[in-house]
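Each structure below appears as structure tokens.
In the two complexes that follow, subunit A is the common piece, with subunit B as its partner first and subunit C second.
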Partner chain A sequence: MTETLLAGLADPTLDSQRVFRAALDALSRPGRAVDLPDVLPDGAPAPLMPATAALALALFDYETPVWLDPEADRLAVRDWLRFHCGCPLVADKAQARFAILAGPLDALDGFAAGSDAYPDHSATLLVQVAGLSEGAAHRLTGPGIELEETMQINGLPDDFAALWERNRGLFPRGIDLFLADGARLIGLPRTTRIERKEA
Partner chain B sequence: MSTAQGYNFAYLDEQTKRMIRRAILKAVAIPGYQVPFGSREMPLPYGWGTGGIQVTAAILGPDDTLKVIDQGADDTTNAVNIRSFFQKTAGMATTDRTREASIIQTRHRIPETPLVEGQIMVYQVPIPEPLRWLEPREGETRKMHGLAEYGVMQVKLYEDIAHYGHISTAYDYPVRVNGRYVMSPSPIPKFDNPKMDNSPALQLFGAGREKRIYAIPPYTRVESLDFEDHPFQIESWDQACAICGSADSYLDEIVTDDKGGRMFVCSDTDYCGERVAAGHTGEEQAA
Partner chain C sequence: MPSSTALSPDQQARRRWMSVLAKAPAEKLIHLWDSLPDKPDWSYLRRPETGMVMVRGRAGGSGQRFNLGEMTMTRCSIRLGDGRVGHGYVAGRGQGHATTAALIDALMQDETRRAALEQAVIAPLEASAADRRDLSARKAAATKVDFFTMVRGE
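For the complex of A and B:
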């Protein structure tokens, strides 16, 4: 290791609790952006965003194999995750409980979607995007949403709604998503119906 | 904030909390599905809310205000014990007021005061599997959930109608969540079932002995199972609460002497107290 390792949570107990509650809030109210508390004294190792790094510190440990996409798969990230979380880093995305995608999201295939008997044995993807308030507009409905929610995301593929619909069709199997932009987070559980709004 | 020496905040160690938190996130993503988790031994026996306590311990933080009820009351043994457990181990602010609480841990009731967005209900669950009395084998019930094969539950309810003329299940009345999973609402009276439907609050369920966590996200459809010609109905009473006069809350029958004297009072003590403070009276007060 040539560079100094960036610090983890200053207060592992209370910081991870606050990050988890924000994530829980995001997943229970799909499409609504949630601000994560600032818990990283030195910031996140590039190319991870603060939201991705905070979730990693709060949720990853030796029980959660993690897959990194080619963009996120850098030595600084691997060292940082290994040191602070102690999580196994896997090359096969099908084995991952969590995945970090710092590059473009082109497919949801290949990740564990669980089985009919154990749909919880499925991956949660942390996807970094370029913006949570501009870009293509989507209409969201489903559990956690009273009537409907509008989500604008910059940096998702054009056919994201179709990709997601295929995932939703697997229910109760399926993967769950967190979209991160800076320190903000949107949760998308597998139950959320997403339709592309025509401009 | 003062907490017990030698214990982590909220008693559980951090690795356990992370494991429970991950289970909660999956539970929210799959409404009504029971997520297995590594339930820990707690400093009180199974049956006293060990599942609910572990869920509460994994979610609460110093900014929360905790309310604990047992059968609607804040001052019964189980509620007092659990409240003081979190005061001791997490220095928690606690309250009796439903409106002031951010987390409400409950055994067998949902408060009468409507819940609001941002609140979290934590239910203590003894038997999380609604099909368990009909099919004792876990492998089989898991398969039935996987295939959404719930005919056996409808048959059970139908047999009730054939025997008694009505569905006799009065508590732990099975519900279907978001049109998919049949779920045990925990042993709340069926009176409370409609409060689960489209609730603005997040509802989490913890079963310690059975090692399961499940959830209902806010604004999620929760239907009580029934038949077109035998629609689901909740209990009603001829009496009103003897203390606050409420005619639409869940009433407990209290025996007052050994000559057959009894009175009906609200099960939800906070709701009843709030009504009395607002000037409502029942026949007991008026007399």
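For the complex of A and C:
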């Protein structure tokens, strides 16, 4: 045994429902940060953040192939996901239904965007960023936002708005995004319109 | 399914005690555990959960595999204070049974405690399992009918 395995949810049923509810809130109010409940008795295996780890425990199972970026692809993470979620870990990002990105997000290409008949057969990205309240400002509009929402993320690429616009152009296909920082989460469904705010 | 020849001696040893723990009567196992000295610190990795497994059979050891049916089982994983992980997979819904089996599995991996545990827990359970098997074999043997052919015409 190389590293100690960390425990999963203390109460698998209720805790995963609480996390699921928070994820739903995050996706239904795009751009607004949601605090995830503290459900990890041992914390998350590095380099995963508590929010990423909690989402993984609530959402991943044997039917959801998961792709890890090189930063997240550590033995401790693989062992932990296999033990607690039983999810297949794939090397090809196009096969993944979920992806964990602990390093920088540089492209949204390559992930499954679903098909016109089954737009739900797409990937959901869990991206870890350095902060949800400073950095370049983006203006968000679209379903779930009454007028507009301002989102400042530290750790997104400079051309994120352009990448996202290309993703939105695929509608109804496309990927969905969660941005995580610590135990906080922002959800960006494929319907959200994002523009870079000029400072 | 790998054959037992493909397993290392450690794995074969572990397979043996896991099998004994899984088939032991719950009350007896828990009683033996309660009477053990110096219990370790431990915590749950995965709390006991009950589910179903498909039991597969094969007629005569060489026939086609078939699904015999599902059975209820409970599994549990624990971690000792020193990081050792133990798993318990037992038949039925006994959560205490699964937890105790996981604890003993974790302790059995500790070379310094193995011999004592083997003597205090595994050996008695194995002996009583052999007794049970022997008893049911005797009961079955008592009902055995020997067919023989009467030679006719003499």
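In the analysis below, the second predicted complex is superposed on the first by the 199 of 199 C-alpha atoms of A that agree within 3 Å, B and C clash if a C-alpha of one lies under 4 Å from a C-alpha of the other, contacts with A are read in each partner's own complex, and residues count from 1 in each chain.
FYI, a residue touches a chain if its C-beta (ideal position, glycine included) is under 8 Å from a C-beta of that chain, and two chains touch if they have at least 3 such contacts.
Keep in mind that what you see is a predicted model, and the values were worked out from it rather than measured.
The superposition on subunit A brings subunit B alongside subunit C with room for both. After overlaying the two complexes on the shared chain, residue contacts for A:Thr52 are found with neither subunit B nor subunit C. Legend: residue contacts after superposition of the two complexes on their common chain; A:His84 is shown touching subunit C, with no touch to subunit B. Between subunit B and subunit C, it is B that contacts the larger number of residues in subunit A. When the shared chain is aligned, subunit C comes close enough to touch A:Leu5, but subunit B does not. Vertex at subunit A: the C-alpha centres of subunit B and subunit C lie 90° apart in angle, rounded to steps of 10.
With both structures placed on the common chain, the touch criterion links A:Asn167 to neither subunit B nor subunit C. By the touch criterion stated above, A:Gln128 is placed in contact with neither subunit B nor subunit C. Taking every C-alpha of subunit B against every C-alpha of subunit C after the fit on chain A, the minimum distance is 10 Å. Judged by the document's definition of touching, subunit A residues 12 lie at the interface with subunit B and also at the interface with subunit C.
Residue ranges of subunit B in contact with subunit A, taken from their complex: 8-9, 14-15, 17-19, 21-31, 33, 35-36, 58-62, 142-143, 145-147, 178, 180-181, 198, 200, 202, 216-221.
Subunit C makes touch with subunit A in their complex at residues 43-47, 49, 77, 79, 83-85.
The part of subunit A that touches subunit C in the complex is made up of residues 1, 4-8, 10, 12, 41, 83-84. Put simply, subunit A touches subunit B in their complex at residues 12-14, 16-18, 20-21, 23-24, 27-29, 58-59, 61, 63-64, 97, 115-120, 122, 124, 143-146, 171-172, 174, 176, 189-191.
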